[in-house]
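Next come the structures, one after another.
Paired with subunit B in one complex and with subunit C in the other, subunit A is shared by the two complexes that follow.
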Partner chain A sequence: MEISRRNSLGLFLGTVGLLALPISAAAEGPVYLGYQLPLTGNTAQYGQDFKTAAEIALKNFNASGKLKVPVEIIFEDSRSDAKEGVAIARKFVDDDRIVAALGDFTSTVSMAAAQVYKRAEMAQLSQTASHPDFAKISEWQFRNITTQAQEGVYNADWMNEQGLKKIAVIAEQTDWGQSVVKDFAEKVKANGGEVVFTEFFNRGLPDFRSIITKIERAKPDAIYTGFFYEDGAQFLKQMKQLSVETPVYSTSAAYNQKLVELAGPAAEGLFLTVTFLPNSESDHVTTFVDEWKAARDGAEPGQFPAQAYDAVNIMLEAVARAYPDVSRQNVRDELAKTKDFPGVTGVTSFDENGEALKQLTKATVTDGQFVPLK
Partner chain B sequence: MIDPYYLQQLTIGISLGMVYALMAIGFTLIFGVLNVVNFAHGEVYTIGAFAGIMAIAAFGPPFLVIVFIVLAVGALAGFGLERLAFRPFRRFSDEASLKSRAMREATLMSSLAMSIIAREAMELLFGSEFQTIDISYLINKPIELGPVTIVNGDIIIFVVSVLMLGGLQWLLKYSSIGLSIRAVSNNPLGAKYVGINTDRTIVLTFVIGSMMGALAGILVGLYYGAVFPSMGFIPGVKAFVAMVMGGLSSIPGAVIAALVLGVAESMSTTFVSSVWADMVAYLFLIVTLVFFPQGLFGARRERV
Partner chain C sequence: MSKDFIQSAGLKLVILAVLFVALPLLLVSLDKGYIYQVVMLALIFSLLAVSLQLVTGIAGLLHLGHAAFYGVGAYIAALAGADYGIGFTLGLPLAGLGAAAIAFVVALPTMRLVSIYFAVATLGIGQMIFLVLQNWVEVTKGPNGVSLFSGIDLFGYTVDSELGIYFVVATIVCISIWVIHRLSHSYYGNALRSLREDDQCADAMGINTVRLKIESFMISSFFAGIAGALWAYTTGYISPVDFDFAESILILAMVVVGGLGSIPGAIIGALLLILLPEALRGVGDMRNIIVGFVLFFSILFLPKGLFGEVPALNFIRRQMGAAWQDNPDKQKVGWK
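Let's turn to the complex of A and B:
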């Protein structure tokens, strides 16, 4: 008892001391950003990727001399837990040095934290939160990932151009899967096509053969799919098992080198939209890919770290434009003005809701590689 | 004639049922026949699959060699599992403890604990995602049979299931070890009194059952090309349902129930969304428990 009371008194005094300090330090010191992301727990691999990407972006920015003062990023581990995410958001908004926040990874955590940022009026930019409602929470939320509202329409037009009119749609049974189907189906109808089959499946379904057989009975010209790479690999392998040759189109969620590793030849000829291809020849991409490989023993970066890299750069550009008046309000306003930002995931602008408008690239799998289509 | 669509769905259902049956055989041997509550069979299945793909990644041996490696690992896993989660509850040999249901059913928790530890350890070691497997080892090469398509894995799984089933039936009916397994399951105390080494019998049953579980794991893993730490859970549930439907102690009953389950799932996909197909298994479980408490093929006998 004695010891703990003494400790808590010490903590209290320490806190008072800390609170008194930083207010005066703002003038010529570094600019701080907060980044909340899962660094431990079962989504840790994503958070670790974001951290590496952010460190590469930050190092290059500070070396470029665009800003007279250095920028620093404070990383906090949210463990993909909504409660933890809210606690971190509170910590960030209470820290007067921090001018804007990045993250979180999942839509759930990002949206929980968003309530804090909304009330405290601090900009939040997530690299991956793709829930349709995230960016609509308030003017303080931004994201650097395309939503199905954009991809679905783009894919519907693409398939229409290819003369594919009768289309079967399957997607996983989640909010995201629902949005894949909804926006796509509306555009198909508007283009004069027909959705002949719609079905949802539970994520992690081991056996798609019954569904594939059912799809084939509807005799579609093509199949549009809303799945991530693991389900995607299973689906494509089982299509091949059943000798079904109908062309398959998918979203950028299926884009992962692991899809090709798992499905092998069955992945050949899959059509999908992407925003980032590590084998692209643009300067931005080669710089990022080279530095990533140096940091990660030669491994290629995927789509998510590329989005994090761009998100950090977009944020840094906004800070640079806001300088010398780096207030939270100013950083948000400059962030909202982001237009035609040339990133590794394509040219990005924000619309009035803080929604990223990106140039999508058509791609296919050829010889085990994702290659862009003209 | 029959619509080829239904013929194809039936074929898929049977192959799905064979996959469940493969798991159900080893599961029923330990849980049903020996009458030891064991919820770690799904992890033995997963360990078998991981052992197999690690062997493939390390030195790419021929298929039969993989089978033997997996059988060895399965035997070891079964032995270890029995040692850690089951033997401690047989420490007390007084009559009250031996007759106590609580002592026997406590292994429900200890085996569940072992399964959680094993699964989490595998997640830490390998990550929770699908493991990459050399594509040439997958047993999913299509074979056209008139209007329906099967794969070579279907044939392999069918042959292995028949061998397992036949072998076990022979073992249980005609061999002395089978006799002692049945004696221990019927009355452990009585078996002890007439001089049967019950410990040895239980260990042996675990070893045999786990070898089958591990083999099922690698075969299904290569069949679907999907090996990941929680892969044993859903087949475990299906095998459990098949065992209960089949009457707990009957291995052929479990196999038939597994086939019924597979066909019902693939057929139901025709009429309802696949999201509901998993419901079929649970529905069967409830119907069986309510209307056929002895199972469809079970002998009358006092049960847990």
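Let's turn to the complex of A and C:
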């Protein structure tokens, strides 16, 4: 019990707070990772999905024998509450066995927890934090979600190729929605197009009709949307009810089989970018989808669990590369070196800020299915 | 020191000894950032619960938007620090005053409302402030939230050790709670209680009820703003969802479970609702259900709260009475 002895010595000398113990996990025992996620509360369904995805990834990794020692993940429930998220981050940081952390789900909690990880110098990899500044907080933050800096630019070019010049943009009023509009609009202007209408709506808006009417008054060639599937389904249905035929483009956040279920025929012809298609034939995707279906009574995994699955795998690969010197610093450095990782959400590399660069696929909805466009 | 001094000051000394000697020693010996975090959270929410107690428990105005004023304080402190370079020393009072100023503006039209109508009005105010924080992107940065990188600087001296931050938070919370304690256990507090019991009667007795309501609302918001500034500085990042309706309800639950009208009760309620969910972390997903059961049964069996108003008042009167025991002319003085 080296640590407690040092601490009590520190107490007697009154020099506590200056202790900087070099932290490295014992080479023989298991390597521990922390995962903070909402297992209860309003966003529990996402957290539970991440947990299932992480368990699948961990089981396969430990069975593969890539690492001589097993890896374990400690899950903690943050309820998507910044108060709890910060407390968990400090708990993980205190635990000398934990070499790196995954999570949290929402940007708010991830950002608040990031301040702790930054100070304590421990790598944090979020599968979903979409805040434009998240990865810029410090060299310790990483994320496995495409940023709008990448996706917005990609979509603007895509629409430009289709000859769509006058574009209306709507997005939800969140940090993510803000970045959807900003990055996309800049590229549209650079391409010589024009954003003729911009509006933000609060999540869960039941009635989009007034927004749709306003969009139509601006007479755009196409509508670019930053929404998740629930809002997306409402929007598309109401577009159909008002017989508006303007093509709609969206981001990978709208990708979810539930969008098609909820919107029905109204979803037909929606254009969007995706990184994960469960009906893809590549090996990792089928492995993941099969195991997910086995764990979840045949349900198909959505975009977010797939991102969590990849995030855990990226982290595990980094741990394996760092072995046998699995220190927090080494895991962070190996994480930063992630390049062309063959994930289920596309080939992924981290740039110098810890942002994920992913291969994006253009897709559309045809006959109730998401199909890739060539 | 006379025996009476010890008797009257005893409790205060014990509280101060626990907060400023025993607890710091424990924190240092454990040296766990997690424990620091939970303790500071408990302190901040104690202040929030006590400040709400003044309006809801003592003046009897059911307030459903307290978290919004907590948010205003946090935003003022964070924006002043991040955008204008105004440090903690000035940002802290500014946060309190800003929250109080907004409370004054919204109190003016709402103070004519009573009971449930007032509650619904405060619900609306809370939502309005939340939506402003969420949607006024140019000023509040909207859903992007505000990152506050500067640490706590106190009159030019930077406090960056865990222990130092703890002492700053504990001192501010202690002073704030002491002020609310003196206000509520005084003639002033009795006047507020008279509003709660029967404001028409109080009015007839010559108490300026509207003014008292506005004052208590502002004082309460001032301290909520202070708590907000402490939260902003101890976390380093705030966003609107930290101050939504659920947070108001959490604070209200602390007040009700602890005992409406009782200052010690509010603190106990805050400690319970912050520490219990953390202590139950090991239980896993069931922990929220257990917390729910604890709340349910405590209200069922102790509807007046864990430390209700009557025992709290008796307790505090005994404390204060002891201080006047040796009054030379045996004259009855002070608050009864």
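Just so it is clear, the second predicted complex is superposed on the first by the 348 of 374 C-alpha atoms of A that agree within 3 Å, B and C clash if a C-alpha of one lies under 4 Å from a C-alpha of the other, contacts with A are read in each partner's own complex, and residues count from 1 in each chain.
Criterion: a contact is a pair of C-beta atoms (placed from the backbone, for glycine too) under 8 Å apart; a residue touches a chain by one contact, two chains touch by 3 or more.
Everything quoted here is computed from the prediction, not taken from an experiment.
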| Who wins on subunit A residues touched, subunit B or subunit C? | C
| said: Quick check on the superposed pair: does A:213 touch subunit B, subunit C, both, or neither? Answer first, second, both or neither. | reply: first
| message | A:240 in the overlay: touching subunit B, subunit C, both, or neither? Say first, second, both or neither. | response | first
| request: Please indicate which partner A:40 is in contact with in the superposed arrangement: first for subunit B, second for subunit C, both, or neither. | output: second
| What is the contact status of A:323 with respect to subunit B (first) and subunit C (second): first, second, both, or neither? | neither
| query | Is A:93 touching the first partner subunit B, the second partner subunit C, both, or neither of them? | reply | second
| request: Return first, second, both or neither, reflecting whether A:158 touches subunit B, subunit C, both chains, or no partner chain. | output: neither
| said: Quick check on the superposed pair: does A:173 touch subunit B, subunit C, both, or neither? Answer first, second, both or neither. | reply: both
| query | Regarding the shared-chain residue A:83, is it in contact with subunit B (first), subunit C (second), both, or neither? | reply | second
| message | With the touch criterion stated at the top, can you tell me which subunit A residues are shared between the subunit B interface and the subunit C interface? | response | 173, 200, 202
| field | Partner subunit A, residues of subunit C touching it in the complex | value | 25, 28-34, 36-38, 41, 131, 134-135, 137, 142-145, 147, 161-163, 235-239, 241-242, 277-278, 281, 284-285, 287-288
| said: Under the stated contact criterion, what part of subunit A meets subunit C in this complex? | reply: 7-8, 10-11, 16-17, 19, 39-41, 76-77, 79, 82-84, 86-87, 90-91, 93-94, 106-108, 111-112, 114-116, 120, 131-133, 137, 173-178, 200, 202
| task | Provide the residue numbers of subunit B that touch subunit A in the complex, in ascending order. | result | 5, 8-9, 12-13, 16, 123, 127-130, 132-133, 135, 138, 140, 142, 144, 149, 151, 224-226, 234, 265-266, 269-270, 273-275, 277-278
| field | Touching residues (chain side subunit A, partner subunit B) in the complex | value | 42, 45, 173, 199-202, 205-207, 209-211, 213-214, 217, 230, 233-234, 237-238, 240-243, 258, 261-265
